[in-house]
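Across the two complexes that follow, subunit A remains constant while its partner is subunit B and subsequently subunit C.
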Partner chain A sequence: MSDPQENTHIDSVGTYVKILLALLVATGVTTAVARVDLGGFSVVVALGIASAKMVLVALFFMHIRHSTKLTRLVVLGGLLWLAILLLLTMTDFASRGILGVPGK
Partner chain B sequence: MITAAAQERENYLNASHGLKSWFLTKDHKRIGLLYLATITLFFFIGGAFATLIRVELLTPQGNLVSSETYNKLFTMHGVMMIFFFLIPSIPAVLGNFFLPIMIGARDLAFPKLNLLSWYLLVVGGMFSLYAMLAGGVDTGWTFYTPYSTTYSNGYVIATALGIFIAGFSSILTGLNFIVTIHRMRAPGMTWFRMPLFVWAHYATSLIQVLGTPVLAVTIVLLFLERVFHLGIFDPARGGDPVLFQHLFWFYSHPAVYIMVLPAMGVVSEVISTFSRKAIFGYGFVAFSSVSIAVLGFLVWGHHLFVSGQSLFAGMVFSFLSYFVAIPSAIKVFNWTATLYKGSISFQTPMLYALGFIGLFTMGGLTGLFVAALGIDMHVTDTYFVVAHFHYIMVGGAIMGYMSGLHYWWPKMTGRMYPEAWARLSALVIFLGFNLTFFPQFILGYLGMPRRYHLYPPEFQVLNVLSTAGASVLAVGYLMPMIYFIWSLRYGKVAPVNPWGATGLEWKTSSPPPVHNFDETPVVTHDAYDYASLMAEEVEVG
Partner chain C sequence: MADHAPTETFALRVQFDTEAQQKDASTLGMWIFLVTEIMFFGGLFAVYTVYRSWYPDVFAIASSSLNEIIGALNTGVLLLSSFTMVMAVRASQLGQQKMIVIFLILTLLFGGIFLGVKAYEWNQKFEEHHIPGQAAFHLDGVLPEGQGHAQLFFSIYFAMTGLHALHMVIGVGILLTLIVQARKGRFSASYYTPVDVAGLYWHFVDIIWIFLFPLLYLIDRHLVK
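On to the complex of A and B.
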């Protein structure tokens, strides 16, 4: 049942420690940036750091970089669905009032 | 309760005994039966709430319960029926039991996760039920903000937590099905030899895995706002209440397809079996399931036409909504084409399946009405919408569930149910359903709003008709409950293949052995190869 390619390649403990440290540093940066007023960019920076952390977790802790194409396809599918959620939700928030109909 | 047929040969029912052998079982068939008992209980609890609603609406004065109690009743009815009955119904009971057998597998890919899924549903259901009965929730099953976050005094979070827990049951079931279908098919069971029931469950599982986590996130956000007053949905704190509706319906619209796609899978099996013909356009029907699953994620904004969503977004979502009609219509036309020149017999599963086609078509066509911006302005939050979604969820999903339950009951239990009573129940349910919900289309079109226990006196006749229909419907649902239990002891012993159907589940004993097959089957024919089967019958004479 199991795919040998999928399970045999495990990164070294050192790699995991480095990734853990990177995640902790990123968390610290997020906290520090939250105390600085960047205006509209505050959200952009916070989400950017969070996305970078997500990529690290997926690639290393979830072993995506050593996974089969099918597993990568599943990950891409998840990201595509997140994009659908964000894009179609934004068709509302980004278009309020553009047709000139009061209240719409 | 073990059948005589079962005693002759070891099977999954008599292989082990005692409560422990059931509550710690990893056998997908036993877990399917655990789900059957659980969701039947939730169905009758949800039905009891519906009964009280319909009795209240017999008179326009609202003189049975207070408006606060009425609000709680329709909330509890919706929560129980949707999250704890309809969502798990066909996948968790029939899918669990038959999906592995239909692809020639010994079990699901993750049997322990399967058992955990059942426990999560039980814990979630009991939690929500206790919260609703102890404190009550009056938000409606949709939990719309800002009412749910700011104003409602009910046990909103506790009820939502039960739904959150049950959501993981749904996710794990979907995950289990996807992996099983990818990795555990028998030799020769190629993707395009799979029964359409399996294709329908594959599509359903995709929705469960991709959509349900968003519901979980939405419930967490609701909790954060209600308890910690974070500004997510409250405009006074920089939030937007319409955001809740976007997130909620991103899951809850596809959830309708979690309910109805498996029913479509059942109908494909039953129509083919009782027409003695291969499904017309197998590939189209298979891909239409996947298309419905994908397109179902692009249309949620049609629930928000009058909620403050921008007109532009309303136009986009209205346009996209019409696309779902295409794969839905493909299925209906292909089932009808399958009947053409078929050797049709009107056994009980077929009666329910034909009922599904008629009622689902009405539900689907009225769905086109409410997907149109102009008409929806008129009928939003009226009984027209209530009738529309009951035609899909009850007329569609439950008719499909009943069809499947009758179709596979002999295989599950080793006993036949009484055919005459079963046909009568199908007829009673069909008539009772239409008498209950068709008047609601008219009520809604005339302007009766949903979720009020008071209404103008001129609406009473149609409401009395609807309540009368609900009584007939209740009798129709009680009948199978009685004769199914009766059949366990007194029903005729079921043969291996009582319907003369194709499919691997009809090649193993009734009830099946613990590991489903004595030897791993090798598949050499397409699904629904009735032409070969009938040619063999002719040769044998």
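On to the complex of A and C.
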């Protein structure tokens, strides 16, 4: 019987504390920057910071950086389907009214 | 083989060749469930995207009526609970029985605080008459013809934060079960899959909130003085 910890990567407490601090700082930054007029980039910055936080949580807290390739593929596949859901929905809603309705 | 009675343990069920294979299968299975959850919440994010793109001005005013300081602090509480959850998983990996229980209880505590604050925020909405469908619904700064669009924002707000909170309540139930099991010494360095996959669930719910917070609380706050 092999050592059960042999295949398990155990991260240090310091790593987790650093990630937590980064997440808390990012929360503060996104709250503060919302008051700044960035025009159309407000939503880009907000989603960029949120995505960065998601990557940190997934890689470190959810151990994706130690996971198998199959698990990573499933995660990326899930995000791909979410992108299809949002993008193809918006191709309809964002383009309505661009062309007139014939006969109207 | 016939003369050997199968020796089955939690860490190695008969259908698996090795403990590592069983662990990988559990992780993969949990992630596939989480992918279905991404699509579950994805529908609501799509609804949000469509209506925000149609009524950006009303959504900015409605969003600014939420208290973003409370929202940010509550986000911090939830992130703290994710930290204590991953520490519980780490304690299991090291086989530290007492630390598993302590960190699970801390996670439960932070999760409870988050839900308590959320309940307070929802109650505020009732007092401010910001409940969609209410006859007395009124959002200051929005023209009469825009009040319906403001109700749309609050419908989405309650649907998304409500579904998120429902997941938290389920998470609280899972944590309570884990605490009971951990106190009985059920988990060890060779078997802690329930703690591990519950951690994945808890972090997933955290990620949903990471997106809900800026999308609901922080829309174009500079426009509204």
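Please note the rule applied: the second predicted complex is superposed on the first by the 94 of 104 C-alpha atoms of A that agree within 3 Å, B and C clash if a C-alpha of one lies under 4 Å from a C-alpha of the other, contacts with A are read in each partner's own complex, and residues count from 1 in each chain.
In this text, a residue touches a chain if its C-beta (ideal position, glycine included) is under 8 Å from a C-beta of that chain, and two chains touch if they have at least 3 such contacts.
All of these numbers come straight from a predicted model, not from anything done at the bench.
Trainee: For the overlay on subunit A, clash or fit between subunit B and subunit C?
Mentor: Verdict on subunit A: clash between subunit B and subunit C.
Trainee: In the superposed arrangement, which partner chain does A:V44 touch: subunit B (first), subunit C (second), both, or neither?
Mentor: Neither partner.
Trainee: In the superposed arrangement, which partner chain does A:V101 touch: subunit B (first), subunit C (second), both, or neither?
Mentor: Once the two structures are laid over each other on A, A:V101 reaches subunit B alone.
Trainee: After the superposition on A, what does A:T89 contact: first (subunit B), second (subunit C), both or neither?
Mentor: In the superposed model, A:T89 contacts both subunit B and subunit C.
Trainee: Applying the document's definition of touching, compare subunit B and subunit C: which contacts more of subunit A?
Mentor: C
Trainee: Counting only touches as set out at the top, which of subunit B and subunit C does A:V25 meet: first, second, both, neither?
Mentor: It touches nothing on subunit B or subunit C.
Trainee: With both complexes overlaid on chain A, does A:W81 touch subunit B (first), subunit C (second), both or neither?
Mentor: Both partners.
Trainee: Answer with first, second, both or neither: which of subunit B and subunit C does A:K53 touch in the superposed model?
Mentor: So A:K53 only meets subunit C here.
Trainee: Common interface residues of subunit A with subunit B and subunit C?
Mentor: Shared contact residues on subunit A: 70, 77-78, 81, 85, 89, 93.
Trainee: For subunit B, which residues count as touching subunit A in their complex?
Mentor: For subunit B paired with subunit A, touching residues are 109, 182-184, 210, 214, 240, 242-243, 246-247, 250, 297-298, 300-301, 304, 308-314, 316-317.
Trainee: Which of the residues in subunit C come into contact with subunit A in the complex?
Mentor: Residues 11, 18-20, 23-24, 27-28, 31-32, 34-35, 38-39, 42-43, 45-46, 49-50, 53-54, 68-69, 71-72, 75-76, 79-80, 82-83, 85-87, 90, 93-94, 189-190, 199-200, 203-204, 206-207, 210-211, 213-215, 217-223.
Trainee: Any idea which subunit A residues touch subunit C in the complex?
Mentor: 2, 4-5, 7-8, 10-11, 13, 16-17, 19-20, 23-24, 27-28, 30-31, 34-38, 42-43, 46-47, 49-50, 53-54, 57-58, 60-62, 67-68, 70-71, 74-75, 77-79, 81-82, 85-86, 89-90, 93-94
Trainee: Show which residues of subunit A lie in contact with subunit B when the two form their complex.
Mentor: The touching residues are 1, 70, 77-78, 81, 84-85, 88-89, 91-93, 95-99, 101, 103-104.
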